[in-house]
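Next, two complexes with subunit A in common: one pairs it with subunit B, the other with subunit C.
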Partner chain A sequence: MTTEEVKKETPKKKKESGKQVVIPLLQHIGITCKPLVKVKDEVLIGQKIGENSDGLCAPVHSSIAGHVVAIEERLHPLCGKISSIVIESDETNRAIEYNPHNNPSKEDIINAVQEAGIVDLTGYPLYDMLTTYNRIDTVLINLTFPGDVNSNCAPENIPKIIEGMKLLMKGSGALDGAFIIHKYNQSLSSVIKSKLHDENIEIFTVKDNYSPTMANLLAYEITGIPVPNTQTPLDAGVILSSASGALAVTRAVNEGIPHIEANVTVSGAVRNPGTRRVNIGTSFKEVIQSSGGYSGEPGKIIMNGSLNGTAQPNDEVPVIKSTTEIIVQSTDEVLCESPGPCIHCARCVDVCPVNILPGRIASFSDMGMYDECFKMHVSSCIECGQCFYVCPSNRHLVQLIKFAKVELVKLLTIPDEEATPIPGCQTCENPCLLGEPFISGGIA
Partner chain B sequence: MNPVAIIGGSALVIGGIGFFVGIVLIWASQKFAVETNPLVDEVIEVLPGANCGACGYAGCADFGEKVVDGLAQIDGCPVGGFDTAKLIGELLGQEVKEAESIYPFVRCNGGLNCTDNIDYVGIEDCRAVMMTSIGEKGCKYGCMGRGTCVRACPFGAIEIGEDRFPHINKNLCKSCGLCVEVCPNGVMVMANDSEQVHVLCRSHDKGKAVKAVCEFGCIGCKICVKNCPADAITVTNFLAEIDQEKCTNCGQCVENCPQKSIVMRSTGVEAAS
Partner chain C sequence: MKLTVSHPAHIREGVTINKIMWSKIAILLVLSLISAVVFGPKALAVVLISVLAAVLTEAGIQKLTKQELTIKDGDAVLIGLIMALLLPPTVDLWIPVVGAFFAVALVKHAFGGLGSTLFNPAIAAWVFMNMSWGALTGSESIPYLSGYTDLFIEFGSGRLAEVSSMVLIIGGLYLIYKKYIDWRIPTLYLISTIVMALLIGEELSYVITGMLFLGIFILAPDPTTSPITKKGRFIYGILCGILTVVYGYLTYDYVVAVLFTVFFANAVAPFIEKNTFPKPVNEVSA
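Moving on, here comes the complex of A and B:
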């Protein structure tokens, strides 16, 4: 099949429906959903299939019409194997009756966001941001994360994003809103300026790209309120969302459609890279095939950004709500060099956005001196991956820092054996950092 | 100036300072002397001096003090073993019985027989490998072979062989147990030489899942339970466990195990692989 044929068959932006979708019951930070359907049940598009009212949880919905094939543990792009609902399509597009709101009140918005199970890029359920804190001053929408901008900021989506911002401001009671745009992204900023007719919403330009893990830094940059690493921007009265979150809110409130689709940009070693609207639960393999398939032998598949994304074990993993970007690296591009010794060039120190000493901490972690890592503020690390990127010796800095964090969690939780390492996550007993905003790092 | 006067003068000044400081030090060492128990020094003398901390105390000196105070067991030093315990016993006037020597033992038969999930590139540490989302190997219970135990061993007694398993050099091993403590999967265990029969598997997965990834994994078929004349084997969560107190080393389970995951190890021979 030549490239042209592929382009004809799958024109850009055409909605894809896979034959089988795998919908993980945990796509957010919080507790796992309980399945509401049984094997062989018939489900429709938008039907709620998993929910858990015991704690922080975003319900999951079916993204295709068909019947449930299995409820079993399947691969998850972020945390190993998670119990998932496998649905086989019956090639129809029967959907449930959506319940749109024309002139929504605050309660309507919160209910719609909660029912739609909207999850932000950080993995945090959006309804909890609206309800948990009484006083929210500002809603910020981060349009500097390249994966999010490439996928969701097409010109036709801009009015919806602005509408989402207004709904979030109404839902949270915030008076101010701001879009944060990279200073070199003039086209996006001019498009938003032309569509924006609201005095309370401003446009800020910043000179860095901020990934979802850098939420605290961004909130400090814009509002001037310092947010320590033990808190979230919510503690400073700031809701920090993304373009994908705002789009999903608009769709949930104005059209009544739950969070069952994601805009995914496929880039790297594929024949026909570009942005596609994909049903949640579609496997990466199908998404890549619809992008023309691999060009060359695939070496590594990374979700959500090459610097701080997560490398995938294979291409069977499903697209989840927080997926915005799939990067395919060919075997030649994958870094397989073994790390050399630290040459004390301090490039990692210069580049670190939180002003810690990544090289020193990594050395202590390598020697097993985790208490020294703690003294050097290892917990401040936001795992942005920039130190690993600039390191001329290819040291596994981010992984060593992450490793030190996990070992510290183990050390600190030894006295109280009953306590789980991360509150909220009941997926497994293994210590991991999913409880902190996003897991990431230079793990291959 | 006369060179002789310079040399003589400086020798006089420096010699004078040295003499004065010497007198001060002698006075201080007598005035502020800390009284130590001579027995403690003798006990520290016979300890190995590795300061490994395997006894549970801060080091050999700390252990020596605690032994003399009666807070620590005389045979509490796993490194020195029976010889050291005997010497301490002689110093303290107590009798010590010889205990059977125990060595770490790897309860996994995967290694190269186990499938790989991913090509891992990262820091060489089993705990770091376990942090990846699905793990490097098909089986998440087994030996990862990345050498966390090798680096934990203060005596250099462990090395990773070509079969990606840790091999224990019994001549160097001091039975301190640090490797057992550090192993993230609990694959290592301290075993007596008389405990001959072992299940070389830690997998709690169902039989089908085990067979998919490993040739020699325990599938929980309970054939060993039926064949054991001493009722020493129990199967919990698809994994056979042998109660070493009841086991008579008869070898019935070894012969009948369809997966060859139960092995008889002869004294002095490493884990079969």
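Moving on, here comes the complex of A and C:
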């Protein structure tokens, strides 16, 4: 898979075509990639442009053919500014020669997944799950996250998802596999049932929607093994992936194509909402324009779900590997009520999936009593956003809880140069507020 | 283009304090109208004066202490309304004025306003009035359930709230359906009352009164004064049922029993809550 293998074509350059992609060098949990290309280098589709062998890292690949314009810090949808490779298209579709596997062995699968730089929706590099020291019994594919299901579970993708599941089972040595589907999503479950011809793969129905940050809870629900926030589902012997991850695995192993595309559903205040296949690195603006543009004045752009997605500072941010959903809210949909007093109605307690008292913790956090928050198990919170969703008094529960966590980290950190840095984004020393899937939830 | 950046979540369910309060008020207003049919226009006068006094007290306190006026959230109206419904129609009209002032000024605002009260203001004010002017606030008759029609309209009732159990039952089920109140306290309260009454061999026709349903659907599940933990609400509901039957069995008055029950249960609610803190599903082992 080197560039020399590719036959040279005459590039048809057009000066005015300024189609650019911005590929962040950090699209996963782990360390930032080092760029493998320099400014003005020519790159092809699928060419590896960033890698770091020093630690947990998923390599990044160019999603278009063209030349590198700049390597600089650009806005990232989750982590503020991250050094990124900016590539300008030359309007050709020259790609590297892909290296598909027809009858892959376990090592082939792991190598292909690692080389393709596949990142799951949680932001976790998928190859690291396959090469874990834990004994893996089961591969689960979570089909309950609405954004993922809307984007990736079109009927023509179902055979590929099942194929991805089989590859993941082979790659990890797991004997069982299961699709997890919401109990009201009967159509999806019947489609999968009709395509599924394997005794080892089952279909589980669950009552709730599980977003990627709720991976530990889902593993607990299926296996019965409690997974604390300091661990991952791997510790319960479970690989938990998503439809997007399974699709990428199938493409990487069977076709040899690295993770350079994502299915993105655009919804909300746009003219033609729907699902589109976009290259990694395309700006949100372009994706929204291909969906017919904004209808009305946009007030908020959210990536990956209204409940626990991340609001974007502007629409120049690029699509990254874990993007499945772009939601545009018009200005009058944006919430801007001021919070009232807590009336202790306990609606937040009733919806909390981890069984803590969000309203009480938020009140303590509001008063600056972070030690009390710690006693009330603030660290168990997975920031799913459901307490904020049901609060009748408009209290900013999630924000207050996150604030308490940050203050606790400051209080509990030993002032020592040798203290272990927070994994993930390394652009600043502060605990990350923007990139919650990268730092909190089931992963941190 | 200006974009808002905020923490998640970015949408809301749409249940607000105003909706919760005003739907309760709507149910109780229907009840007041029926009581006006049964008792005559004097009942409406009691309700109006009580509500007016509560609202004016709240407005006065918030003006004096330079707080934002919160009449619109309906809490003061609800306090005045509940308090009026606990009184007999024969009451002197100055009593609800004093009661409303006591409820809003001393029980609600002295403790920190909406959401910070230890006791339900209306109940605490009723206890105060009952202690101070027992003869003036006592009822002349105690209802007895002699047939199914008494569930719809009760002519033998002594207090405004007892006139129609059906309005309270339908309204309460609506509140539960809309998730404006929690289902645990009403269900457990009802079950434990009936079980307890059967256990000590009391006739259910004395136990089941309009006031019991007011207690079950409006007074006991009052969000501020009931425990917030799930287990705590179970215990609270059971405790309410036991207290009601015990008090009623000893004093032969199941109407007053409900009111004192909620008062006592409010007092122990923080204790129940403190001892039923839940264990997180994914507790981080230290």
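Note that the second predicted complex is superposed on the first by the 404 of 444 C-alpha atoms of A that agree within 3 Å, B and C clash if a C-alpha of one lies under 4 Å from a C-alpha of the other, contacts with A are read in each partner's own complex, and residues count from 1 in each chain.
Keep in mind that, in the parts below, a residue touches a chain if its C-beta (ideal position, glycine included) is under 8 Å from a C-beta of that chain, and two chains touch if they have at least 3 such contacts.
A quick note: this is a predicted structure, and the numbers were derived from the prediction, not measured.
Of the two partner chains, subunit B is the only one that A:D366 touches; subunit C does not reach it. Of the two partner chains, subunit C is the only one touched by A:V227; subunit B is not. Shared-chain residue A:V406: touches subunit B; no touch with subunit C. Comparing subunit C and subunit B on the residues of subunit A they touch gives the larger count to C.
Residue contacts after overlaying the shared chain place A:H396 against subunit B and subunit C alike. In the overlay built on the shared chain, the residue A:P353 is in contact with subunit C alone; subunit B does not reach it. Judged by the touch definition given at the top, the superposed model places A:L75 against subunit B, while subunit C stays out of reach. By the touch criterion defined above, A:L335 reaches both subunit B and subunit C. When the two complexes are overlaid on their common chain A, residue A:I203 makes contact with neither subunit B nor subunit C.
Residues 310, 313, 334-336, 396, 399, 402 of subunit A lie in contact with subunit B in one complex and with subunit C in the other.
On the side of subunit B, the complex with subunit A involves touching residues 117-123, 125, 127-128, 130-135, 151.
Residue ranges on subunit C touching subunit A, taken from their complex, read 1-13, 15-17, 19-20, 73, 113-116, 179, 182, 223-224, 226-230, 233, 277-285. In the complex of the two chains, the subunit A residues touching subunit C come out as 216-217, 220, 226-230, 297-302, 305-315, 327, 329, 334-336, 340-347, 349-350, 353-357, 359-360, 376-377, 379-380, 382-383, 385-386, 388-394, 396, 398-399, 402, 436. Of all the residues in subunit A, the ones that touch subunit B in their complex are 75-81, 310, 313, 334-336, 366, 368, 396, 399-400, 402-403, 406-407, 430, 432, 442-444.
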